[in-house]
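Have a look at these structures, which come just after this line.
Two complexes follow with chain A in common, the first pairing it with chain B and the second with chain C.
Right after this comes the complex of A and B.
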């Protein structure tokens, strides 16, 4: 049993964990990252699909990682190259009359839609601008328990944050403020219905509101998840992009940055438990008042590592209940953590293709964009509805990329890859996932694809369809939830992951959270990790385990 | 560690006409009710329970001078068993359960994350892995939520286990007459099993009276047999059944607290700031901050360390002989500065003192030695206002040495 001492240990080398590690190391800390798998990046990875074919196995589009953060972490210098930028979103039409979203411009759809879209886009961007700063900063706390830190500076920071939010709400102007307050509690279905005529336009926008959640457009609260996504995109200041070498390149650049910053990185080191100790007189405490604190971790193979701060990139529920253990927390907190809902209704389809498929009405050039098969809001509703009853969609909804157009390095010369988020698959299938049910699901997905891209089936060399439970397994994301905690109104902002831990800090001294399960949530965004590092740095090490 | 949530207890399906009877009948009712000459019955936890059988005076003096029996049917009883039962209980309550040996009972309180008291009760430890928690209020939801991550089974045994509390100086000798051989040797807070004929009785030397007394636990089906056994031999020891009112007098003399009367359970509390910590209830002796983590520890550490208790429940003695129920307490005779209120009060017939339990705000408790209590008296429809002097005194107000004496006195 080896004992090593670090300033901070990051459990999990997902992109957020890596961001935290870099930020802490740059501040002078000795940092260790322990990743369970044989690859860093978590759900931002590139991995093999078939010999010579490498796929972005979970996330496949880069649009949320803030430009500012990329610059601060010097990701370009560490090898992050974008193979494609400014991708358009194309809502596919069976007859080939596609609708194209390109920034504030819309082509296709009805004339009324086309003339209204720029106004709609501008209005939504204004609201996104309001949300963006909320995402980039830590959520304030409305109330502190009497045993929680009362530091004046902390309270002041929160008060300022809230006041600024209030001020910015006023600054939106009367019309936009009213507009926001009116729509914020609405569902996406009604919102798009108010604004547009064409089912394709409505379907594409409604899909933006619900993709990555377990909700359908008619579910209450889907406008807030929509604004949230727009806010995150606004904060990022990027276009839709595709990294050279797949999403794993983002993580690879982060790993290089981490190495350069002096972070110790270990793969295949799954953490079994977080070690908890009681502080003692050597740290200046009376027995009676000494707090418990997270003092280290022990890996599955029994190696112990010790540090002043333990920062978990693993979802909050698993971190608290499995890694630390409920006995170190109060029942009220455990109950709230245990109630965190983590669900997903999206799977991932990966196809290795002999040749480039043909989509009706799309040129070769256009194929490299973000392609949606979401013919209407109703179609999305219908695809997601069965998941509530443990069934999968007859006609799943798809978000497709063909990354090999911009980045041929991902597949053998002349061949291609198709990566698609498949919406309409339950985590738990009635009767359980069996070979036949997987086959039936794949058949449904391929039938949808075939109707837009006739002949695509014949091009398939290798296919893989990850169900939400496969995703849960492969990426350690319970429920197949992209966000380590559903993005619902009750799990947003200062309720994320729950009160008492909404500032990346658990009630257990020294135990921090930095993953997507925390504010501002999932997506390859890096902000949860960034904000968490800032919170850790607010607690200087020399004071960590001593009084005051 | 594997996560595990105890299965929710199966719902007991009520009889189809259950609604016709508003209050549940105690298994002792067949014997108790015919003895109730006042028809003064109250609702305790959904049970019809006798408030006064004959006269409060007779019943009260039976507690203090003879033997009294009180029906504990409405008491909530929870069985906590399994490998992690000790660790579970230790996280639940503020006391160090590891120090409690099998065969012992302790008085415990349990808190929420803010360190506010949810309830108090008695924790029985039968073995390394089996406990029973008795409380006045229903706690099953909380107990099940606390079980997350522990290998324990929690079951509500309130209706399958029944108890009578036998209190008074002659209680040990009465039990001996009933055949409880060697009962005088069990120590305060000790538990022992007896078999009297076919009747299995668990005896604990516990009670609410600060005097010699026992609680007798049987299967619900044996309730009548237990009652009959006691009354068969009771006459020579002056045994009488007592109702709630007399017992309440004894419990105030004993300085014991009641949820809903002396404090508000933080689960039932609605208004901010009205619930209380164990320190604020004067229950410091039940809190062991040095033990491993337990519910409310961080908050209680902060309270103790920063001395932020907002108030304290203390004992008061008041001039005159008029009980000061519900009175407001002032720091000055002119009643300008309100500093607290009375939660329980009686004229104590045994102590011959006018006593009360009162919540006194910081910083007045511990520093002031003179208080003023405002009392309104109704005299033949006419209200009179009195301002009475009061001073802090130790709780319990009454505590007879025989309550601790072992072997128990043979009166």
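Right after this comes the complex of A and C.
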């Protein structure tokens, strides 16, 4: 058996894991990243669809990765090039009277909507500005035991954090503060209804609020997921972008940055379990009360790696219950971890196309933008409702990109790719997924597409429809939930993933979490990894073996 | 400020009885009341009674010919008494009962022991106030769940204990720097902090979770979950899978009858007895009630309320006007929009009140038999439900969203005449049936008699499936949709809580952010209905809180009505709050 010793081991080479690894390595630690698949990047990957066609398989737009983080990690130097930036969002209309969202401007919709939109946009940006810094720092703990190590310093840090948040809330001004305290508890359906008239405008905004979650617009709490998204977009410079070479190039740049920082990266090394040891008298503990601590990992093929910090990019549930094992935690914590809800109702459609499809009323130039098929908030509601009962939507709601317009290298010359998020597919289909049900679902999706882009069906060379359960399997995201845990109030901020582990640190000494299942959550944002690294660095390594 | 001599006069006039009262009625046109209260619902009467007891000259005006708002007993068919809106009693705050001496004025609440969920095929799940009986009932379906019941009872009672003291407090304005608001915020923060890490987070989760997720953490049996979920959706325009419904469930658990936590009971003589006792208490304190003439307009002069104009055209002058109607009805129905700030008016229009419940009142020729329940079973005396799964509840909600009533509605039915013989003649029975969901507006168009009948038939057929002789016993049935409730009681869109109990409309957001302290943008105009904190149900807390605000404004706040003291803020009393909570019983299925 081979044994190797590191300062930190990162389980899983998703974007968050890579960010953590880079940060730790830069601080002088010896870091190992273990990735189960043959490619780094987790849900930010580019992979083959058909010969010559390469697709961003899960995430397909870059809009949440903060500018500051990109600069800090020098992703540009490591090869990240944006093929397109500042994409507009176009809500498609069957008759071709599309609505275009371009920054603070709105075209299409009613005259009242157009004149109101800039005010609405400004209000929301103010709130986003409030949220942005909350995402880039760890969530405070509201209370902690008296006897926890480092309690005093940590308490002070949290108290300052809370006080700052309170102060910033006050600084919003009375009107905005009231507005925010009201709308965070609301549902997206009511919010858009209060502001706009045109169903297309309402649908587009409501979709922003619910995409990636399990909820329909009428569900309370959908505004908080909307504000969270706006906050992250604000930090990322409010630019919908498409990287050259697909989302995989974000991960590729991260890998290069990690290599440059001296991180040891290993592919095809799935971790079987986390090794847990018991402290002994040599570490100054009374044998009877000695705590367990995570001391390493063992891979499926039997290689052992040892480290002081084990940082898991895998979702919290799998990490605690399967990799570490429930026996190392108190029952109450295990129960809470077990109760984390992970559910996705979005799938992914990939089409390899012979030629560029024609959408009614859209020029070739406009086709490169983010296209939404969400005719109204009711339509989204109707698409998501069946998923509650394990059924899929008659008319799913779509978020479409055609990446080949900005980046022809993704497909053979003259051909195109279409990538779409399909909302309205249950995590588990009643009766399970069979070939027929997949076919029926694809038929529903294609029918929707066909009504907006007549003739698209005939252009299809190869199609692929990933259901949430496929996503769960391919990207190791249980339940097909992009965020490694639904973004709801009770799983938000200091309750993410659950209290007692909300600061990237589990009750098992030496075991940390850095995935999207932690604050601030999912999307290709990288902040969970960034915050986790900071938390790991707060705990110095006792047995000096680091190079720094 | 109220003129002291005048209020002393008012007190004197009360002592000398009816003769003086007669005079004051004749003088109304020139008489200027201290306070006029719009609406004789329970909250309006609670406010009015407190104010009258403080020596103010108070008039209550009611548009209907009878008092009570939504807490009424009515004779609509022969000698049957219908509790034709609200139908069970539990939430009425004991502090108010004591302060206003309601038992002395004839209020008697009789608890019922339990109820049952009827299932297809002669099976039933009983619910009981008795913890052990409840455990046995659960064990019929799942041993694990009967054990989880202890855990649920404990946790729910913890949440009740936390929230109960907040009911009779005015919520703080988090944007204000006034000492009162800051201390109140501090009080809340400290109360939360004292719960400790675990309990604090559990409380916050509880407030924000869906009842479906909440129950998933306890039970495995879908039927038991469905039994609890019913109480979380009553009156709200949310389904069991909507976050925030766990809190609504609490709203049905935090009451008590004679100190039995979570228990529910019937007011003897129907729910009208609650308002009757309140009115009697109010009149005994010298108050005056006028019925059959509603308020057409609130008279506002120079940004101040100066009185009301009745539908008959009569004008009543008053120093203060307190509206028991919901915020939308008060400001869009009774005020001139030009008197209101534009932003406020818009917020009022955005206030969410959605009708989601219907009601059937049925006169029966005898006691119906239920095929699942043995004759004479104590479970028949309480609330009986027809339900089979969480999915059917959620699907009923989806039907409501699409603008129709469900073919398989959630039904909460009770036969109070078994316990309270005053409601019907011997051998006859009265049944109240609460139906969730029923839309205010149908997708097919407005409510018509034919559609109302179809809705009623759907419900009756659903019940008849479980009771073979039910249909043959029906003498008379009154079917009420949200539309009817709005028209008769005046609740906007027929929402029984005078506004949704969602996070954006609770605490300092209820009803409008910045106006959660019973004040309005109009000076001397107050709100006291369920539209204010802490919300709906026959609780009386909004009315008492509003009365406290008014008395505080005129400097007549007596100690008993004041907020609980802030001393606890400065003297730590960990010993008191840290007491372990024993597992106590929660009534199995509160309606």
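Assume the second predicted complex is superposed on the first by the 537 of 548 C-alpha atoms of A that agree within 3 Å, B and C clash if a C-alpha of one lies under 4 Å from a C-alpha of the other, contacts with A are read in each partner's own complex, and residues count from 1 in each chain.
Everything below uses one rule, namely that a residue touches a chain if its C-beta (ideal position, glycine included) is under 8 Å from a C-beta of that chain, and two chains touch if they have at least 3 such contacts.
Predicted model, so just to flag it, every value in this text is computed and none were measured.
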{"item": "First (chain B), second (chain C), both or neither touched by A:162", "value": "neither"}
{"item": "Partner chain in contact with A:334 - chain B first, chain C second, else both or neither", "value": "first"}
{"item": "Which of chain B and chain C A:460 touches, first, second, both or neither", "value": "neither"}
{"item": "Contacts of A:291 with chain B and chain C, given as first, second, both or neither", "value": "first"}
{"item": "First, second, both or neither for A:326, with chain B first and chain C second", "value": "first"}
{"item": "Touching partner for A:275 - first (chain B), second (chain C), both, neither", "value": "neither"}
{"item": "Superposed model, chain A: greater residue contact from chain B or chain C", "value": "C"}
{"item": "Contacts of A:221 with chain B and chain C, given as first, second, both or neither", "value": "second"}
{"item": "Which superposed partner A:507 touches (first chain B, second chain C, both, neither)", "value": "first"}
{"item": "Residues of chain A contacting chain B in one complex and chain C in the other", "value": "145, 332, 335, 500"}
{"item": "Touch list for chain B against partner chain A, complex", "value": "1, 3, 87, 91, 112-115, 142, 145-146, 148-150, 289-290, 292-293, 295-305, 308"}
{"item": "Chain A to chain B touching residues, read off their complex", "value": "145-147, 278, 287-289, 291-292, 321-322, 325-335, 338, 500, 507"}
{"item": "Contact set on chain A toward chain C in their complex", "value": "141-145, 170, 174, 177-179, 181-187, 190, 194, 218-221, 332, 335, 339, 341, 381, 385, 388-389, 488-490, 494-495, 499-500"}
{"item": "Chain A-facing residues of chain C, complex", "value": "174-175, 192-193, 196-198, 200-201, 204-205, 208-209, 213, 216-217, 238, 241-244, 350, 352, 391, 394-395, 398, 401, 502-506, 508-509, 513-514"}
